[in-house]
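Structures follow.
Two complexes are shown next, each including chain A; its partner changes from chain B in the first to chain C in the second.
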Partner chain A sequence: MIISSRFIREYYEYLKKDKLGLTGAIIVMIFIFLAVFAPYIVPYPADAWGYAYNIEQRLQPPSLAHPFGTDVYGRDVFSRVILGSRFSLIIALGVVSIALLIGVVLELFAGYLGGRIGTFFMRITDMFLAFPPILLALLFAVVIGRGLLNLIISLSLAWWPWYARLTYVQVTTVKNMPYIDAAKIAGINTPTIIFKYILPNSLTPVTVQAFLDMGAAILEAAALSFIGIGVQPPNPEWGLMISEGWYLIGVAWWISIFPGIMLFLVVMAFNFLGDSFREFNNPKVRRLLESRGI
Partner chain B sequence: MIKSKSLLKVQNVTILFRKNIGVLKKEDMIIRAVDGISFDVEEGEILGIAGESGSGKSTLAKSIAGLLKPTSGIILFEGENIYEIKGEKYRYFRKNVQMVFQNPFGSLNPSMKIRDTLKDVLKAAKKETNEDVLRSLMEFVNLNYEILDKYPSELSGGQAQRVAIARAIATQPKLLILDEPTSALDVSVQAQILTLLKKIQTEKGLTYILISHDIGVIRYLCKRVIVMKAGKIVEQGDIEDIIYRPKEEYTKRLVESLLRLYGYIEN
Partner chain C sequence: MPVSLRYVIKRIFYLFLVVLGVITIVFIATRIIPAHPEFLWAGPHATEEQLQEARNELRLNDPIWVQYVYFIENMLTFNFGISWSSRHPISQDILSALPATLELAISGFIIGILIGLFLGIRAAVKYGSIIDKFVRSLSISGSAIPVFWLALIFQLILAIKLGILPVGYRIDPNAEILEGFQPITGFYTIDTLIEGKFDLFLDVLKRLLMPALVVSVYPLCLTARMTRSLALETLQEDYVRNMRSWGVKDNVIIRKYVIKAVIPPLIASLGLSFGYALVGSFLVEVIFAWNGLGMYVVHALANYDFPAVIISVMTVAIIYSSINTVVDILHAYLDPRIRL
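Moving on to the complex of A and B:
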């Protein structure tokens, strides 16, 4: 199973040798640390949350007091960028886990039952898959309204079909494995077969994909916030901060550039980590590693 | 319903597979995997079913194990049609007919430790799942207790197949279906597994249906053999007769291919 202490230990051993993955993992860990502790460690918490307006300090370039400068309301960009990690982390985890839950549960049953019911659910999934996710998310966001929670819901609604498709394919493969037949012959009941025999063995591809998608979820959420239908001011979401500063890019480049750099770093780190996780789960790579005693 | 002393009665069983090959309209290609087969298995007997791949022997095995309802014909276990019984009788059938598969790794849940795999089976058969039971099972198939705490991927082919056999006999069945139990294993391991299967049969008085393309394997365990080709029985009878005096061309080829293989090894 993908979530076990043995698995985590093996992945840790693997990461030690995969430098790119390790870089990703370190940046992601820093990112998670910042997201959790941001309000307690930033120099100007009130600026970070956007409650303070210091008009006399507006548009100051980077300095010792304000390492990333100040924005149009005189708020410390550094504090806001750091707190922004919290929003991005909540979005990434929220979107991916909700989408995983919908996709996996739905297609686990559809895949196991197969036949007409399976086809029916798959066609619904295909309908969603016919649109680019950002377009669907845009539509949902406009319909259900703005804000962090609605942003997460709209992105998850656009996102689940990818996991559904992967799960469906995997479930239909796994349910024909001899160990499922063996379990049936032994008289093990259907719920146990679904949750203990099929589910754990169908999760690997979809978990790898979820890992790879963390960065993409952050990026798309930032895009929606950028065009004004995601997280709302005065919250310090990176996409929103970029949009708040872009028209001043000629006079105060620091307002948009620093959230942009953070966005870039975190998405890149998630991609590195996701890639290394995918490589690690690749059966060929694993076999090679096992034969070399790792 | 016909009452009989034989443990298993297969009567005129036909299994068809439909495959839609039409591009726009519905057009089915019908594959006759098993085509009107009948035979009896006596209690305590080892029946061999031989045939090349694609002859329908594995499909038949699945059907006898209760996983695949025949298109027509009936399968009786102790006089009861296995696709009609329900409740307590069905559980009795489930407990008493077990199967060992060709690929030992494919037949063990890769995400569960051996201990949990065996426990699930014992639980389903409403049997004790304590350490003593598990250990005696392992002992019976000549495996170390340490195997209990391993995952299938950590085992060798032979070990995995022993575990699969342990799982099959855990419910104390009367009939064991062995679907190519040795063909995925190394030659040296094959012999050990066959010896083990023979030992279990003698000690527990089980009834076996042994399915194999390897006449040599069948000869080692069985007296009576059925030769299948394209879903039909082409020949049946005593194994020595089949090997030395095959009536059908197909049987002759099956035996010859085997002799050629062994001759090749000796040279």
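Moving on to the complex of A and C:
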């Protein structure tokens, strides 16, 4: 199984040597801290949630009182950017876990049963993969509606086929292993074989991919919010904040630029972390580490 | 041996199935998920008559499979209905917006591929040098950049602060009145040349440059990353080492052998690169006031004109699948191993 205290300790040891991965991990931890405690630490909580309007303070450039300036309603951009991390974290966790659940469960059965049913499920998956990234999520978002929860649902509905394909490949490999045959001969029932033997042994590649996808999920959610179909005002989602300021770019650049910097930093940190996690799970790299006594 | 006709036919048949699949997903998304599809179709402020009209048009009183067959027939004959925000047939709207998007996406795609190829090979040759480090960090960070935000930064620096490039629009807004410019194909770079208006052509190029650079970022990073690792692999082959020991110049090795080994796997990734370019142009068009499909979709979304959005998305998905098919055939032509 992938999560155990030994595994976490080993990964920690690995991270100490991998500078990019470590940078990513630190930024991600700061990000999670901000996401959890944002409402209590930002200077202007009411501005952050978007319910305060201080028209006489509008479009102020960055200053000591407002490090990132103020937006068109006079709200403190800094507070909003910090609280925005909460939205992005919820989106990343929500999308990846729902998509993982759908993809793994569906293809676990399809892959194990194989034959016509397996092929049928793979064809359905292929249809979903025929859409360019984001656009399928856009389609679902149009149908389901706007808002944070609907955004998470539409992104997950567009995301699961990637995990499904990975799981399918892995399950078809694992189910032909001798120990599965042995379990069958021993008369163990099918659900037990699927959940106790095949599932744990098929999870690694898909979990690594899910880790790698966190940043991409945040980015796609921001893109959908940017075109107006994701998180709705007055919430401080980064993509939405960029769209609230873009037409003022010549007058008040800070409204759009700062949320973008934050978005870029967090997505990059997730990419670095995911990349190092993949390297760590790569059997070749692990063998090398073990031979060095780590 | 050229690619067998059988393989091409197989791919085209498969494309047809994928298109049917795309239409099916759109059908499921618009008819089965919502409880009352007529509200989706007629918009939020529809009167009872408009709703009734939408019900008739969608054949909601018929069994679901009749609706499905009817829907497929409509989609395959480009009978998409009328957009109530622009009051034109949706097919006509899409047809007039599509060239703009394709012009932008193709330019960004080509710029990205060329620069990515160049940077990837440079990085592999100078493995471990500053160039290599630059290319590596660029290709990791590039996929983390929100393109619509990058578009804003380009606009802020190049157009507003420095004033080197125009802020937006595909062509000088006065061109139609002052110069008598009329779009023919919808690809303005081609149209201005056909009409022999060379100064307008330069204007169009200038306006295309900034959005195309922004759109090129994702394809560029993907290509640079792939080229680098493929070229690194090739440079470690025995035959390359032998040639080096024979005194063959690095430039010759790269031009004659490395590029040849890198191209076929790279072709296989072109579909995805183009997909990135398409989505990128979708997202930045509204910032550059670029009258393409992306801007059409954003305006339709703002007006709750959902059929227009859905049909546009479907069109792009079908274009994307067709390009993937062409890429597959091309790849098979260049790399005999994958012809099955």
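In this text, the second predicted complex is superposed on the first by the 294 of 294 C-alpha atoms of A that agree within 3 Å, B and C clash if a C-alpha of one lies under 4 Å from a C-alpha of the other, contacts with A are read in each partner's own complex, and residues count from 1 in each chain.
Just so we're on the same page, contacts are C-beta pairs under 8 Å (C-beta built on N, C-alpha and C of every residue); 3 or more make two chains touch, one makes a residue touch a chain.
Quick caveat: nothing in here was measured; it's all calculated off a predicted structure.
Of the two partner chains placed by superposition, A:Ile8 touches none, neither chain B nor chain C.
By the document's definition of touching, of the two partners only chain B reaches A:Ala182; chain C does not.
By the document's definition of touching, of the two partners only chain C reaches A:Phe128; chain B does not. In the overlay built on the shared chain, the residue A:Leu101 is in contact with neither chain B nor chain C. Of the two partner chains placed by superposition, only chain C is touched by A:Phe264; chain B is not. Annotation: chain A has no residue touching chain B in one complex and chain C in the other. Of all residues in chain A, those touching chain B in their complex are 1, 6, 177-179, 181-189, 192, 196-197, 200-201. Contacts from chain A toward chain C in the complex involve residues 20, 123-124, 126-128, 130-136, 138-140, 142-144, 215-216, 219, 222-223, 226-229, 239, 242-243, 246, 249-250, 253, 256-257, 259-260, 263-264, 267-268, 270-272, 275. Only residues 62, 65-67, 91, 94-95, 97-99, 101-103, 106-112, 120-121, 124-125, 151, 164, 167, 170-171 of chain B touch chain A when the two sit together in their complex.
Residues 18, 21-22, 24-26, 29-30, 33-34, 40, 140-141, 143-149, 152-153, 155-156, 160, 275-276, 278-279, 282-283, 286-287, 297-298, 301-302, 306, 309-310, 313-314, 316-317, 320-321, 324 of chain C are the ones that touch chain A when the two sit in their complex.
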